[in-house]
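In the two complexes below, subunit A is the common chain; its partner is subunit B in one and subunit C in the other.
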Partner chain A sequence: MRPAIVSLRALALAATGAALLAALPFLLTQGLLNAAIQMLIAALFASAYNLLCGQAGMLSFGHAAYFGVGAFGTVHAMNAVGGAGLLPTPLLPLAGAACGLVFGAIAGWFATQRSGTYFAMITLAIAELVHSLAPHLKGLFGGEAGVSTMRMPAWGLDFGSTLQVYYLTLAWVLVSVGLLYLYTRTPLGRLTFGLRENSHRLRFLGYNVHGLGMLVFALSAMFAGIAGSLQVVSNESANYVVFDPALSAAVVLNTYIGGVKVFLGPALGAALMTFFGYAVSDLTQSWLLYQGILFVLVMMFMPSGLAGLGGTTARLRQRFDLARIVPLVALSVGAALLLSLGGTFAIEMLQRVFSQDYRAMARLQPAGAWPPLQFLGRAWLPAAFATWAVPAALLASGAWLAHLARQRLRALADAESASAAGANAHPSTRLAAHPGGTA
Partner chain B sequence: MNDAILSIRGLRKSFGPTEIMRGVDLELRGAERHALIGPNGAGKSTLFHLISGHLAPSAGEIRFEGQQIAGRTPQAINRLGLARSFQITNIFPKLTVFENIRLAVMRLHGLQYNFWTFIDRDRGIREQTERLLELVRLQARAATVAGEMAYSEQRSLEIAMTLASDPKVILLDEPMAGMSTEETHYTAQLIREVTQGRALMIVEHDMDVVFSLSDRISVLVYGQVIATGTPEEIRGNAAVKEAYLGEEVAP
Partner chain C sequence: MDQLIVSLMNGIVYGLLLFMVSAGLTLIFGMMGVLNFAHASFYMLGAYFAYSLQGVIGFWPAVIASPLLVGVIGVVVERFFLRRVHHHGHAHELLLTFGLSFIIAESIKLFFGNFPVDYRIPAALDVPAFSLGGAQYPAYRLVMGGIAIAMFVAIYLLLTRTRVGIVVRSAIYKPRMAEALGHNVPLVFMGVFGVGAALAGLAGAVAGAFYTTNPNMALELGVMVFVVVVVGGLGSLGGAMLASLLIGVITSLAVGIDRSLADLLALFGASDWARGVGGLLTLKVSSLSATIPFALMLLILLVRPGGLMGEKG
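On to the complex of A and B.
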């Protein structure tokens, strides 16, 4: 019997996920469907990035370059042949893939000459090179106005509606992420983990480490190019702002927030962060600050990312019965909720106090007076004690709950090691044991 | 007269003004077990690094089956049929033991840039990996994360990885370091078996192992080979006694 490449359970989960995504347009408004397209593209971009970063252990700080090259390759493919397009619309991402692959192979040849910090610096330099060159090459990148295009009807579909664009994007993202998963089961996919773990040893096993690194880099750039391509197909335009370092940074943050050790972690992180960006950017002007804070907190308290939470919970359940975990989880969730409410309240108030509008308003007041602020449908006096007591109380009670949760966890661990001491078990090593590299 | 598979002539290596290898001449015959002994800092590991391509020599030649290999890349030298282990355990610590050996086995099957077949479906590779696991007595540990094993088990894994490419020449750098007497005994027997018909060069501090395992022994002192010979010849060599073994070691 041929061994199964994907377990039945994983296959069932993947099929359920795909079916849910396919049903999404019937549940969402037009605006949310547009956001869903952006989430899918970000998820693919993060998965492509994670092939290089999480699986091969090569931290690139310039992946926007390959996303952007895929985007511009596609926009020119769409405008070729007098606007008829080089490829039928559903196949356009192939143009992005080709451009990403070729440019990725060239850039990868240079970048993978070195590893670690030097590798990161080379990727940064290459991205910066493209970023500063793009505004000058008006013919290729269209200058400030960018290059616009039109989706052409193909295969009996007109691609005029968001719905059709959504399904086109979904199909490409599912196929690409599926291929990226299957890749991990191939010889090159296994060697990719070897590159991350110990490229020095690979060399003495007879492998050409530079060749391997370059190929992984090119493949990662190829999938990033597909993501860029899908964005152009969706937006019907491309602008050199895609080369902005902010996009390179976003994919790093999304990938780590999602969790690099789990295959779908980065996709999850990118989809969530894109959704928050969409939902929150209307409500606050400090979205980038929240994004940064979230990243720092995830790195400090759960370095394995959001996807790592699943693993942690599973390990806890293995060690303790459910009845003892539930209060622990409830306490932790409560603490997180109170802390984020308090934090958000404080940030939003501060942001309003320091905003230009408010400063201008305050200057009109008689000396020393602080006019009230509108927030959450209420007027708050910035100089009043009561105003700041609200976030302080929220933060303090959140910290108290976090403290309780910690104590409870320690008590559980102590109780277990006391009872297991006779059995010669090592709970501490079991907790520390984090099987990586198998995702 | 030249049946040497590996022959080293006038090999020199300097790090800045410090000369570590000061003209080494050494021959490894086609199917002999050759031990390299010498005091700490004599340059044994450096010699291994030079032969395996980790370092490039400053002068001199290293010939593998008559071919000059000095200064070539490690992967090129490995593909000619020379595999080595490391003094400091050099494995893939976060991958499973099975995966560690499989990565080593794949190369022999020419799998490197392959991303269109599934590795789990390759029966030949699976069987060879399992054979190697059995050989070094790690079958029960196949699914263990390599870095979590005991040190001596990691040493065994290192030997399995070195054997995976079916090399003509094997360099083992202190393979028994950190092993118990029983493990040392088993590993010495294992090395004897698996090096049947191959050339072995081994650096080892356990003199019982060195004298019982080797066909010939070379003594390296301050970057020069001061003597090469059978265990009996080395035992009787006055210069060796003075420089290294000391009267009390040689029976």
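On to the complex of A and C.
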């Protein structure tokens, strides 16, 4: 019997997730619901991006172009026919998808001529080309003001409330992510993995590698276009700012923080990062810095991303009994908490000390006195030792816990390999090799 | 005519500046195969360091000290960041430097604010060199060009005429063989990375005073530098020089052209049609000046993928 395309367990999980997302509006306030829409869009964008960079192994630094093209395609479709719209509102993302697909196919034809670093450079150049051209083409991109539009009622719904927009977005994101998942199960999806692993071999097997790469590129751009389209439907406007390199950068960061090896990893990363960006935007001005630091930490210490953490824990669970893992996990979590607390404290204090307001205030003070800073509900003196001792102590204790966790992990691994070696070896040599017995 | 000469000279000076930054980038790529996304961030760091130091130690000492500091940062990046992820492959290294460039830009915003800082050339240097057709040409532009040319000559002599240069070139050409012959190749890599970063820092320290010094300067110049190294051929110093000058001159000249494609088509009597179509056809070349380098890069990648002076791709 052929294995099922989607296992029952995965199907049940997906259904539960979808039901949870559908129930979300009853739990959230209006502001959070808007944030949820942005999270869904970012999740779809990251999933689309991951088709290209994670599954096909083609690193693009200019994916904002396809998001933006989808967005502008939709805004013009909405304004077409004298404002009545080319398509009924629920089907508008199809316009974004079409624009993304066509533009993606053209750009992909260029970009997939080369691979590796060159590919990354071409995608960057195409995105910059569009970005530098867009402000000048006022007819198409509306100049500084952008293009605004209205959601028209359709199918008995008026799309006036955030709730209806949320469900529209949710439906499109679920369908798109579902299609992206099913794509990975098709022969074409398998070929996409082959493109990443060994494109020479694919060519040797007789596949048209350039055509395949272009197709994957176009599909990824199509789903990015849907994401852009959903943003326009939600915001009722589009501006050439969507072509900004910052958006291309954000999707790269989100995708890798989430983890490219797991299908839902990028979506998870993008949703989390967007949520944090929304949640902390009032609290800090340095959110992008935190995001950058998190990205570099992920790249250096856990290349499989946040989603990979689950897999790592499961593997540990398989190898060792629970009693040994719990302290290890506790230590790691403690270390991560302390390190991030210390880091955040230091960055926030620095940010406040170097802010314009504070420097202006310090200048007004008599000769060289540093006025105290308000942070976390108490006053801190920037020149005082105690102020910087707090983050230093947090960071140091976090580093110490991390060191302990590493030691423990190494001890566990040593013990395992020792017992494995012991089981294979002859009893007498076992004693000779390990005089300490089972230590 | 005078205007043409002035914009030609501006273009050459801008091209030389591009070369100062792209030289390090192309050397690092040729050697390690890493396209360092953070390279333009080193340029920005150079400008900001020089800005912070000039109040304390004066302009010229700051211009000398800041590249050294940037070089140290470059060494740290290579030793403690890139080398750690080397076994994950080039894509991983590219992403790591991408993240680092992000962190550097955001840190600059944190310390100096998200706006241009007041980094200026000293009054003694702010004099015209000569006047041409009523317009005065700033001497500092000539100083910048001179520094860049001196740098090119110095690197060229260092690489071709000294023992260090031979070791570096052999490490670029056949790293394993050089290592087998007893040279410390990782040290060479670290050194080249540091020197490349320092060169970018020098460019920043010199040019930041003339152009604006703001947190976006890395991004703005960075993309242009990528264009330069791709057009010139990744890993080729001469190609970087050629492409820098080419792009500098083209962008500088394009700014002065107040014509559009429609005017060109008018020669064939298609003017009305072109104006009817609008869009790209009626855009002035001057407003396209930022776009032309990218179009040029796409063209080069299609017809000569290895770049102007690179190896056949």
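Just so we're on the same page, the second predicted complex is superposed on the first by the 418 of 439 C-alpha atoms of A that agree within 3 Å, B and C clash if a C-alpha of one lies under 4 Å from a C-alpha of the other, contacts with A are read in each partner's own complex, and residues count from 1 in each chain.
Just so it is clear, contacts are C-beta pairs under 8 Å (C-beta built on N, C-alpha and C of every residue); 3 or more make two chains touch, one makes a residue touch a chain.
From a predicted model like this one, the values you see are computed outputs, not experimental measurements.
Novice: For A:Phe243, using the defined touch cut-off, is the partner it touches subunit B, subunit C, both, or neither? Pick first, second, both or neither.
Specialist: It touches nothing on subunit B or subunit C.
Novice: Looking at the overlay, what does A:Phe345 touch: subunit B (first), subunit C (second), both, or neither?
Specialist: neither
Novice: What's your read, subunit B or subunit C touching more residues of subunit A?
Specialist: For subunit A, the partner with the higher number of touched residues is C.
Novice: Applying the touch criterion given at the start, work out whether A:Tyr166 contacts subunit B, subunit C, both or neither, answering first, second, both or neither.
Specialist: Once the two structures are laid over each other on A, A:Tyr166 reaches no partner at all.
Novice: Would you check which partner chain A:Leu288 touches, where first means subunit B only, second means subunit C only, and both and neither mean what they say?
Specialist: Second partner only, subunit C.
Novice: According to the stated criteria, A:Arg201 is in contact with first (subunit B), second (subunit C), both, or neither; which is it?
Specialist: first
Novice: Would you pull the subunit A residues touching subunit C in the complex into a rising list?
Specialist: It comes out as residues 57, 59, 61, 110, 113-114, 116-118, 120-122, 124-126, 128-129, 132-133, 136-137, 139-140, 245, 249, 252-253, 256, 286, 288-289, 291-293, 295-296, 299-300, 303, 347, 350-351, 354-356.
Novice: With touch defined as at the start, can you tell me which subunit B residues reach subunit A in the complex?
Specialist: Going through subunit B, the ones touching subunit A are 52, 54, 73-75, 78-79, 83-84, 86, 90-96, 99, 102-104, 106-107, 111-121, 145, 148, 161, 164-165.
Novice: Of all residues in subunit A, which touch subunit B in the complex?
Specialist: Touch list, subunit A to subunit B: 2-3, 5, 182-183, 185-191, 193-194, 197-198, 200-209, 211-212, 215, 219, 433, 435-438.
Novice: Which part of subunit C faces subunit A closely enough to touch in the complex?
Specialist: 29, 33, 35, 81, 84-85, 88, 90-92, 94-96, 98-100, 102-103, 106-107, 109-113, 219, 223, 226-227, 230, 234, 278-280, 283, 287-288, 290-291, 294-295, 297-298, 301-302, 305, 313
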